[in-house]
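Quick one: this structure, given as structure tokens, is what I'll be asking you about.
Order of writing sets the labels: A, B, C and D. Residues in every chain begin at 1.
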Amino acid sequence: MPASYAYLGPEGTFTEVALRTLPETATRELVPVVSVPAALDAVRGGEAEAAFVPIENSVEGGITTTLDELVAGEPLMIYREVLLDITFALLVRPGTAISDIKTVTAHPAAQPQVRNWMKDNLAEDVIWESAASNADGARLVQEGRYDAAFAGEFAAEKYGLVPLVTEIHDAENAQTRFVLVGKPARPAAPTGADKTSVVIWQREDHPGGLMELLQEFAIRGVNLVLLQSRPTGTGIGDYCFAIDAEGHIADRRVAEALMGLKRVCPEVRFLGSYPRAGVAVEDVRPPRSGTSDGEFVAASDWLARCQDGRF
Amino acid sequence: MPASYAYLGPEGTFTEVALRTLPETATRELVPVVSVPAALDAVRGGEAEAAFVPIENSVEGGITTTLDELVAGEPLMIYREVLLDITFALLVRPGTAISDIKTVTAHPAAQPQVRNWMKDNLAEDVIWESAASNADGARLVQEGRYDAAFAGEFAAEKYGLVPLVTEIHDAENAQTRFVLVGKPARPAAPTGADKTSVVIWQREDHPGGLMELLQEFAIRGVNLVLLQSRPTGTGIGDYCFAIDAEGHIADRRVAEALMGLKRVCPEVRFLGSYPRAGVAVEDVRPPRSGTSDGEFVAASDWLARCQDGRF
Amino acid sequence: MPASYAYLGPEGTFTEVALRTLPETATRELVPVVSVPAALDAVRGGEAEAAFVPIENSVEGGITTTLDELVAGEPLMIYREVLLDITFALLVRPGTAISDIKTVTAHPAAQPQVRNWMKDNLAEDVIWESAASNADGARLVQEGRYDAAFAGEFAAEKYGLVPLVTEIHDAENAQTRFVLVGKPARPAAPTGADKTSVVIWQREDHPGGLMELLQEFAIRGVNLVLLQSRPTGTGIGDYCFAIDAEGHIADRRVAEALMGLKRVCPEVRFLGSYPRAGVAVEDVRPPRSGTSDGEFVAASDWLARCQDGRF
Amino acid sequence: MPASYAYLGPEGTFTEVALRTLPETATRELVPVVSVPAALDAVRGGEAEAAFVPIENSVEGGITTTLDELVAGEPLMIYREVLLDITFALLVRPGTAISDIKTVTAHPAAQPQVRNWMKDNLAEDVIWESAASNADGARLVQEGRYDAAFAGEFAAEKYGLVPLVTEIHDAENAQTRFVLVGKPARPAAPTGADKTSVVIWQREDHPGGLMELLQEFAIRGVNLVLLQSRPTGTGIGDYCFAIDAEGHIADRRVAEALMGLKRVCPEVRFLGSYPRAGVAVEDVRPPRSGTSDGEFVAASDWLARCQDGRF
């Protein structure tokens, strides 16, 4: 029995398309599940080797369900990320003309990405109804419940529909980022273009509190690529911060920054170091002067000599 | 014709309850609208004097629709905020017993706040269906579409339902924060317990970039109460930051921090200074030494004397 | 009676040479006095319009007597600075050969600048005796007390001596910096290449205390060119800091930094803004993005619009 | 032959008194030498095991000769420091009355500490002549060259003089700090009240440059007790910084700060970790939260678990 990957289903969604870009999926059983929590629970419960879920999109921002699941509960780790360009097709039953469309459907997350297009191209009184997923919306069109669905073009065939319009996306560069999540284990070796994800809690609320935490990265030349606040659930205004930083926990500058945070934060949760999607190794900026592994090692050697009085 | 306030409807939601805590609503026409964008558009279009919408809740975090509407489009300003404790009642048609419940409904935002309660108190196979609002869920129960609705207890009477269980809330201290938003005008005078909201964009991505922006607050002793990143829509990883800081734009330390941000950020959007809900003036920490208005004025006088050579 | 400038005498020292590079000395009476305190007291007492004294040299560092006099007592201000290349000549009575020299003299400050030269060029057993000034050393050679004096070549004629060797200077780029000091008055207008001098006292001793003070400059893009600690006289380890920063008190970034210091330091003493010697206007780096006067004014305008609700 | 300690002589100076407070001097030969450079050269050349020299006094600040000798040349290390209260006696030949005094002498460093006393207690026309040391001044009085000498009371007997006035000191709390310097070797073990001395050079001159270096200490909770700038000798305005920090190189927070400096500075010179004079272990503040050795070790363990995926 092959190991299985649970992913946010149903089949025929962007998530599945993104997942299939990972080479190892060829040898895994891919299991659609109904929700992000269900996917992660499958990992925690041992039914799945890993879960593949969306975590950020360029229009809506962080996918809070995924973030909140990673922030709380039994620890999980991110092993891979995938970036997928998101463009929608308007899927209809064969024979439907654009002027026939009175009702459309899709997952609510699709709405901000097609809202302007709808205003410009569909009748003003067209009715939008939410579907559980874009694929499910397509199914409902197939069943005749709605006239049209916004979904990935790849979903048309499965549901006997045709793409009336393609390449629909209100925002340029619309992308969704997905992560492959598993139980904690040794992170993959650095590739030279890596990211490290971590969640930090602040000890107390005082002027400059968050700034001091960010300083742990800044002073060591570690660039942040994402900072998202998430409520801790203990009351309004109590937030933790999910941070994505450039570099790998095996990089000395990243390791020292993480240890610095561990010392000053009441809690730090390491979410993994993994290859950064969409960034080639040759495009990675060299570390700032004084923060390369070689410089860390040289400084460590120097310190040892000072401690021994040999200099 | 009285001035009107548009609010996220329908009637009978937590939003309406929160809105009615504002004394001036006695002399305003309160108009429920279907969505946050509709409420803000009513203000922008001049049909409403102000809009009242949720902006943050202690379980889900920032209400992204509201944030994104404030971040983009024609500028608006926040004039008031209201904090409301959120607890749900399970509303049913008279005569329904808890064991009769096969289907429940509510707005999706309610789900994380009642999920654990459901697990512990309802049958495992009970079906959850999302409603457009909690009040709408109650209406659907009245119509017989579902067996029970999670909603504010106050909604029962309007829909001929009875509260089978009350005080349901998975998280302690569950609260939602609402804001009253209008067209830009002179902010209300400081009360001594104020907040200032601002959105900042970062010029470039380098180690310490965000830290440098937060430094503008920290060096002047201005405490941050909320920092949320929101995608700019220009591509994955491009974020602006919505910040709530303690103090009023009329406070010299806040004013200087805002000017500092204005100089180093490509864009800063001022969202208003307004009384801070839930914090009494006597509970506000005095400003850090060197950051009171008196000290700013004294330093300014001293500088003038230096520039004149009189010292 | 022309206004007079007191300078550290006697005549024939480097100080006089440096002073005479100031054009206005043509119309002033130049009065040599015996010490830096005497020169500054002449200003404080009203006997001299200004005093001209050394404040820093590239070999010995800050001239502590001058710094301490400016730090304490009745306030004074720096109006001009002069940089002078320092090279020594070995002055002897006519007829003296280098092998005849058994004793040499000069002001103690000269010693570190000629020490290596002496080791290489004079007999090992030559005796050094300190003189009250380099010019006084020359006088003592004239009188026959010593065989040779290190002094400026310009001093030879006055004392009937001849320069046996010239261009003596152990360190390359040996320079001394002099300042023209007067009673407080309005600083001269900015030239575009200016410096501002200030003395700051620290409120308390905690990790990062000095760093926080320097941050007042750094966050506003003001570069420091000199930082010297001087004892406050209240006990070992109690220091104040004499700071030279790039820019003029009329520059908004400098003014705001000074006010910031004034607010957080128990005491700040402004020592003046004046043209920077040795730096041409065209070689001055433009202010860091966000710190020019124009950007300060624009931010101030923006703030006023925010405060008025006009944006 | 016992190991010898060279000290700034001659006998009978404050330096000798301070040196004799060290218990180990009972078993060492104490050798007075004519200058600080001579004392340090004796160590570098192997003729002395250690040198004992003044490094700071509360009136004059850093003893620049000592600092400059430690900053340049073959590396040396500080092993001990001694704080000595400095009060002067006015020494005269037996029979001299205060009204007989026409000339006084002492080392130039004594002058700022007795200047006010002289003004109040001696005739206005009394003549001050500098001596090579305070002890040498006493000798010159013995020889009849001058009428009185300012020196330590302990010097009277040796030169057949009597203390006419004692406890002379213009400033309260006048102290001089001395250091025992030797060739580099393993620093003594931490006592709990230690200091670490280091010299740092700055890579480039930009706004915030020095602040960034001080940040290496601040972010790790290491308090600075002294910062002195010394010219590098390469031109006016080029300075290095001699820094005394609280703590021992064996403290993890100090070690990490030193490594941080080593990475970002073109040069760092470690001058030793040694017991702090005048501070009892029980008066040392506990390290700031997050900076104790225990917290460093715990963070290091946590990092290792993250790197192994065991958490």
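Definition applied: a residue touches a chain if its C-beta (ideal position, glycine included) is under 8 Å from a C-beta of that chain, and two chains touch if they have at least 3 such contacts.
Everything quoted here is computed from the prediction, not taken from an experiment.
Please tell me whether the contact surfaces of chain B and chain C are same or different in residue numbering, using the over-half criterion.
Counting which numbers both chains contribute, over half are shared, so the two copies meet through the same residues.
If you fit chain A onto chain B using only Cα atoms, how far does it have to rotate, to the nearest 5°?
180
Using mean CA coordinates as chain centres, what's the gap between chain A and chain B in Å?
Result: the chain centres lie 26 Å from each other.
Counting only Cα atoms for the centres, state how far chain B is from chain D in Å.
Those two chain centres are 59 Å apart.
Suppose each chain is reduced to the average of its Cα coordinates; what separation in Å results between chain B and chain C?
It comes to 58 Å between the two C-alpha centres.
Give the residues of chain A touching no fewer than two other chains, as numbers and ranges.
Residues 215, 219.
Residues of chain B touching chain C in their complex?
75, 77, 184-187, 203, 212, 215-216, 219, 249-250, 255-256, 258-260, 262-264, 268, 270, 289-291, 295-296, 298-300, 302-303, 306-311
Where on chain B is chain A touching in the complex?
Residues in contact with chain A: 56-62, 64, 68, 83, 130, 171-173, 175-177, 205-211, 214-215, 217-219, 221-231, 233-239, 278, 288.
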